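Two complexes come next, and they have one chain in common, chain A, joined by chain B in the first and chain C in the second.
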Partner chain A sequence: MVQFILRRIAIAIPTLLIISFLIFLLQVMLPGDPALALAGEDPSPQAIAAIREKFQLDQPIPMRYLTWVANVLQGDFGMSIRTGLPVRDMLIQRLPVTFQLALMAMILAVLIAIPGGIIAALRPNSPLDYTVSSFTLAGVSVPNFFLGIMLILLFSVTLGWLPSGGYVPFASDPLGSIRSLIMPSIVLAFATSAVLMSHTRSAMLGTLNQDYIRTARAKGVSEPLIVIKHALRNALIPIITLGTIQFGELLGGAVLTEQVFGIPGFGKMLVDGVFSRDYSIVQAVVLVQAIIFLIVTVTADILYAVANPKLRHQ
Partner chain B sequence: MNTLTPTVPPARFNVWFALRRMVSGANIYVGGLIVGLVIVMAVFAPWIAPYDPAASDWLAIRQEPSWAHWMGTDDLGRDTLSRIIFGARASLSAGVISVLFAMVVGVPLGLISGYFGGWIDAAMARVTEAMLTCPFLVLAIALAAFLGPGLQNAMIAIGISASPLFIRLARGQAMVVKQEDYVDATRALGASSWRIIVRHILPNSMPPLIVQGTLTIATSILAESSLAFLGLGQLPPAPSWGSMLDAARQFLSESSEMAVFPGLAIILTVAGFNLLGDGLRRRLDRR
Partner chain C sequence: MAGTFVGRPQEGVLMVETQASGASSSSPLNEKAALAVRGLTISIPTARGPLHLVEKLDFSIAPGKTLCIVGESGSGKSITALALMRLLHNALDITAGTVDLNGTELLGLSNKEMRKVRGAGMSMIFQEPMTSLNPAYTVGNQIVEAITTHRSLSAEAARTEAVRLLREVNIPAPEQRLDAYPHQLSGGMRQRVMIALALANNPSVLIADEPTTALDVTVQAQILELMRNLRSRYGASVIFITHDLGVVREIADDVLVLYAGRVMEYARAQDIFENPQHPYTLGLFAALPNGRSREPLTVIPGLVPMVGQFPKGCRFSTRCALATEKCRMEQPLLEDFGKGHRVACWYAPIESTRP
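Entry: the complex of A and B
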């Protein structure tokens, strides 16, 4: 098992190197002098010279990449030109916010998707099943910023039940914090649960047709027990894998939702970086998201191997 | 699936079963109809739109839907319906052109990688995997940020972000098709690798590529509207559904229709391409 985990991590390292190089190349793509772009508006000649020195901008591209990676490995993502703060500190500040949001959205998505998918699989081609299919189509077709705006219109503007945006830190006011993330989690859970539900449905349909289910029925096992203990347990493996990957996507992909609700998370950091032409921030966010995603997929593979010993020896 | 397991036929005529069969078969038509309508809207926009989409009317600011303005007007007194009709141009061209871009880049790379194998394939697989570690939209936003705003750059950004999907798919197809007997036969007849790829592997890989292409158009339209919402897509004053939604946010309490109609336009168009792609998949998988 340890060997499997180590091997899986070893495979992820070249991927990480490639993505870091691609993200570095973004800098090269910038029109004009990268030192000027990285220095922000109206920089002093000393500031430009310092940046040129720090990133070795007069060196060839492979050397510049190595310098950049060396800095990143030491946790130095550069400075934000807008706030003047180290990008690393901003990352540390914003990650927990996005994590809380992703966690709430994931819990909500699982609570909707698993029962929905099971019900749809138990009654294939019924009105309920048809509703689930429509929900899936809506989940992949509704832009999450539009859903967010509509929720604000309903719950904040019309009913006045929830704040239209902003974030309350969990440490200072746990209940208020959850309240401030209710609408954003609904938005994220909508698309996530749609995909998860359709996979739960097909996984359940697959296991419900197995011979051992028929055997269990013939033995007289009660129907709820069959569904939960026999069918769901075996259907869960692909669902867990998908769910883990979706959680990784939630950690990285909440850009528009955080923007609409003004949540100072990771996605909003990307947008703010884009708007203020703060390129070190954009690079740092994309890189950290790629790392998070890699960690999550490796975790998913390990969980999969834990659940299915056959895979470990391949 | 175990071949001994009998598939259970529906015991009696089930209205819902029949209806569902009909509806799921209708996916391709419903999707095709919506997509067709959007294409007509985009192509014939100047003839269909009742007003100039950029013309401000200061006497008709943020009006509710009326006979003169079916979907109302925006904060500059521009006709929302006309802007939605013209906005179809940005969305549709962004969706179609970025997917074509992704396919032109991705499909040849994937076919070559899958057909020849070896180190080219190993390298390509790693790069594809690396690009797929970034969420689609995040990659598109980052690329658009570095390329600068504008519809053309948004298309390039979305196209690059979508290309690994096509590399991976074409690669997988090439690996399967190259093992077919007829490919061996063609090779025995002395056909060159390039001829085999272009004349045999590519045509036989087309069905899944077309399905993926159609579904990716839906994703790309969503991505373009997201970029436009952030101010990275189509530049004003040219209309785009995403930027119309962005503009509507500050008038949400007084003029909610400013947000509702562009949102519905995005949902319908994206759902249309999703339905069409899903319908095509059912059709083409039935071989």
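Entry: the complex of A and C
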């Protein structure tokens, strides 16, 4: 098992190098000259040159890549071209916000999806099953921003129960912080749970028809134990993988949802970075997203092996 | 162990209420049956009324005896077994009949009461050892579950009991095997584990649905041998479903020949082998390879008819070489032709002896 984990991590390292190089290249290939953008109106050639030198835009590309990687490894993501502040500080500020949002959305999604999927699978083609299917369809088709706006209209504008946007840091006011993220987590959980639920349903339908379920019934095992211990335990093996990857996607930042609710998270940082052509920010955000996703994928593989005895013993 | 039953009239084993004999169910011999099935009818509801997959099935088994149910695929053997356990698929219903296990009428039990019977009073071994164990749990976990579902034992005592059961079914190094997952065991080993599961609570009836079909020949012989030993040690009655007449000859006390959901012939094993009466039974024997000649195997032409396409008369009439207009139009009743040898055929009794 330890060997499996180590091997899985070792495979991730070259992937990470390739990704980092691509992110860097993409950046170089973007149209527009950041030095020109920074220099303001009617710049003198000297001013442009100075800016180029300051941000090392005058160096050859491989050199710039190596410098960048070396800096990143030391936790230095460079300075924001716009604000002149260290990108690292922005990351440290934004990541916990997105992490909290992703966690809340994921918990909510699992709480809806797993029981919903089980119930649908226990009574296939019943009204309950159709309700679950409709929910799934709605979940994957209703756009996030639309649902977000509707929620704001209902809970903030009409009822006045929840703040319409913004974020209260968890450390200063935990309850207020959770309150501030309730609506965005519902929005994110809606789509996430829809996918998770339909997979839970089909995985449960699959395991409930297995021979070992019949064996358990023949032993006299009670129905709840058969569903939870025998069927769900096996259905969870693919579900764990899916859920982990979904969590990774949520951690990558919800661009639209954060925008709608004005949450200073990771997704909003990316959007702002792109709009202001702030290369170091975009680079840093995309790189961190890639790293998060790699970690999540490796975790998913490891969890899959932990949940599946057949893999554990290989 | 077998000596316990010496002196019991063999007819007791076969004491059944059949439509033909109209024998009353108050026969004193009935009480000795571990399991008595009467008029069991299994149906699938359709828009045009229920279709009967198994119809008016009667049989009983004395304690410690083995009944073999034989017949081709599609004759209703497996659904009969599942019906006895009340584990039929939702789409199928038991529309008539009684299943009496040691004096308890199973079909009238609540689901909760029936759960107490499954795995304790009556247990079952399946055809597919490769998929019948839960891949997510160790063998020990699954045996312990079978034990503690019906008995309150401490975890430690249940584990000791599980080791004993694995030893009973001749699994080497049982203590280590407890922590093995099913995928680490061979098909034969898994079927041994299934047998251990089935024996966990010393059931009075053990249903084995083609337990050796999926195994290779040497393992088949071992499993059969094991089942024979355990039957005499545990004294359980066994319903053994098979289409392998070689297996029947080795283990059966009684034989029930099922065709398209109807009993064709029902008798002591010896009578079936020495004096088969039904053309279908004769056909099954004729289809046995004799191991000497190089001639092609004899087959019964055609296939078991589909449910809903059963002939009006004898179910076998579409494939029977002897069938007449009467066979096609009128269903023969299961009649006793002496010593409890029951046959459903207009031709019975025919001149005896094997072809």
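The working rule: the second predicted complex is superposed on the first by the 280 of 314 C-alpha atoms of A that agree within 3 Å, B and C clash if a C-alpha of one lies under 4 Å from a C-alpha of the other, contacts with A are read in each partner's own complex, and residues count from 1 in each chain.
Assume a contact is a pair of C-beta atoms (placed from the backbone, for glycine too) under 8 Å apart; a residue touches a chain by one contact, two chains touch by 3 or more.
Predicted, not measured: the structure shown is a model, and the values here were computed from it.
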Partner chain(s) touched by A:Asp211 [first = chain B, second = chain C, both, neither]: both
Per-residue contact with chain A, leading partner among chain C and chain B: B
Which superposed partner A:Leu181 touches (first chain B, second chain C, both, neither): neither
Touched partner set for A:Val132, first chain B, second chain C, both or neither: neither
Which of chain B and chain C A:Lys219 touches, first, second, both or neither: second
Contacts of A:Leu22 with chain B and chain C, given as first, second, both or neither: first
Contacts of A:Phe146 with chain B and chain C, given as first, second, both or neither: first
First, second, both or neither for A:His230, with chain B first and chain C second: second
Overlap of the chain B and chain C footprints on chain A, listed as residue numbers: 210-211
Parts of chain A lying in touch with chain C, wherever the complex brings them together: 210-212, 214-222, 230, 233-234, 237, 307-310, 313
In the complex with chain B, residue positions of chain A that touch it: 14-16, 18-19, 22-23, 26-27, 29-31, 125-127, 129-130, 137-138, 140-143, 145-146, 149-150, 152-153, 157, 209-211, 249, 252-253, 255-256, 259-260, 267, 270-271, 273-275, 277, 279, 282-283, 285-286, 289-290, 293-294, 297
Partner chain A, residues of chain B touching it in the complex: 1-2, 5, 10, 14, 16-17, 20, 23, 126-127, 129-131, 133-135, 137-139, 141-148, 218, 222, 225-226, 229-232, 242, 245, 248-249, 252-253, 256, 259-260, 263, 266-267, 270-271, 274-275
In the complex, chain C residues that touch chain A: 85, 87, 115-120, 123-124, 126, 128, 131-137, 145-146, 149-150, 181, 183-184, 194, 197-198, 200
